[in-house]
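Encoded as structure tokens, the structure appears first; notes follow it.
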């Protein structure tokens, strides 16, 4: 019998979900930053994934976390949604 | 140790007070409420440093106590029958979360029809809950078991129910020896193990898939089975510390040469003891097995004492519909494959019904007659 | 104006959560945690929020988080507060964060009990106006005429006014909030955290699946709810009521007709809605 390695109290590790984030599977379009100076910093608070952060050089989008919901592009200038997949279209 | 004359409810409240509980929540229900009121009085008189949460339902009572335990406090609550059934969801949840809560259950019959009289129907419904189930013969047992329960629960990380019957035990005055507070403090050192800890945050009770759930359940069961070893150890340590006379998993009374054994738990043990003494005067070789621990079911201990007995009468103050008495069913399962003694389960005392010497006599005679039904419990004293 | 330079950088909730893209609940959670900070313990009953928060051995939370049973999150929070209190642990926010079922319906008993006791906790109702975690059924917080997964004909009775009910408990703080107004929301959380008694915050957090809108429209539709007047942003601080945002009064139709769940709204029903809003704000008299 193979027992899993579990804690005594059923629980999960903090922040551990972000390590295996594979948000790309939900992405049909992805946000691209077109103009840093036009971005409204409110997108930091509108992103459901916490994928947008700010550094010295400006806003950064984490594509590990981004699911491509499009809220940032809709609520702010300077970000546009582009298709995730630009190869040949299938017949589905 | 000092001696006092107190009711079962007062004994339970005293046990919790000596254990220095820190968070208390309860919802009043008959016949447990005097114990609840006693605890509130201890708090308001300044004798017990405890936070009381005046919840709005029994379900919330156990939920609030669970919150307290998760945040690292020693907690206690009381309930019975309808309240116990309302909080059943939380009961199973607490055991799965491995939280060391101690709960006093003042056994009472279940509705419908509505009854307020003593019986084990309510605790039997929690047989599979994962809580360790202790039973008390008298008020001394109630006090002793309550104190021991905290040590057992905190060591095994398994919650414990201390069962005693409504009115027969909860409202009846008996002489009880009370241990000193300092000695109880030494017996129950507090070691905090909060699951919700700001210095070590975790996400408790995440949605769990089939890869992990069976492991959690297996480990929970293993911890419960550890109690078979731990309960006698704790009882021995208790007796040594306080000069008490608490039993381990069970107590054998006049069983050395017994041919017929009574097996019982709860207040009926007291009646059974008298019956054994009376019947022995008539030359019958009868003995009594008092069960203190019902969950986990002490199979080995029972087998040891019952291996040479010809007749076993199991006294059940409960009914599992379609099956019979719960204790009888457990016992018969435990003796599967062993020699062919006669195991007769009898159901008596339901809803406060008669369960005196006369009824025990009927039961014992039935076991030894040819009319014993092999597969069902017999109803006595309808 | 929000000081974005000094916004806490740490993401105490949300990164890697397994919810849908564009989840309104996740936005609400992120904004709230920016205001509440690290010394917070949160308990969440069965809901989308509890489910997307983690599974098996991983969670999206960086603070102590407990997935409670459905009906008793405020009771558990009361217990947590009592335990912290007796251990002398102070300056900790104890939050019970529930959806509409866990606060207004199955969880209502526990909520009203905790509020009546003036427990030192914050209860948050994140409102997507239906039981989304089980597929989107009708609940007490579903608005009039809205279609849901178990009622295509639409709800025939009004949304239960939870804010008024909680105000009637005379608790320290009651506030309505909206994820489209993050500064207002965060101020309200800061105020609630400073209270010694019970605080209640009711956040409108649209769920694009349930409301029949596109994921990117989540914030826009939430904004329209307040701008048309239906979701008033106000607070009741120690009994004193203040409106915290003056709406621009766009037509109610702009908000309702933008959502799939109101697609069967008749002109008469729409007119009823507009009349009700106008009467509430004393407009056109």
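Annotations
For clarity, chains are labelled A, B and C in written order, and residue numbers in each chain start from 1.
The definition used in the following text is that contacts are C-beta pairs under 8 Å (C-beta built on N, C-alpha and C of every residue); 3 or more make two chains touch, one makes a residue touch a chain.
Source: prediction; values computed, not measured.
A complete topology is adopted by the chain contact network, contact being made between every pair of chains. Comparing the chain pairs A-C and A-B, the larger number of C-beta pairs in contact belongs to A-C. Inter-chain centre distance (chain B to chain C, centres taken as mean C-alpha positions): 43 Å.
Work out the mean CA point of chain A and of chain C, and you get 23 Å between them. Chain A and chain B have CA centres that are 53 Å apart. Counting partner chains per residue, chain B has residues 195, 201-206, 208, 211-212 touching two or more of them.
Across the assembly, chain C contributes 54-63 as residues in contact with two or more other chains. Residue positions 6-7, 11-14 of chain A each touch two or more of the other chains.
Here chain A touches chain C in the complex through residues 6-7, 11-21, 23, 26-27, 41-42, 44-51, 53-54, 65, 67-71, 73-75, 81, going by the rule given at the top.
For chain B in complex with chain A, the residues that touch the partner chain are 96-99, 157, 195, 201-206, 208, 211-212, 215-216, 218-219.
Taken together, the chain B residues at the contact with chain C in this complex read 22-23, 25, 49-57, 59-61, 63-73, 75, 89-90, 93, 192, 194-198, 201-209, 211-212. Chain C meets chain A in the complex at residues 2, 4, 7, 9, 11, 13-24, 26-27, 30-31, 34, 54-63, 179, 182, 214-220. On the side of chain A, the complex with chain B involves touching residues 1, 3-4, 6-14.
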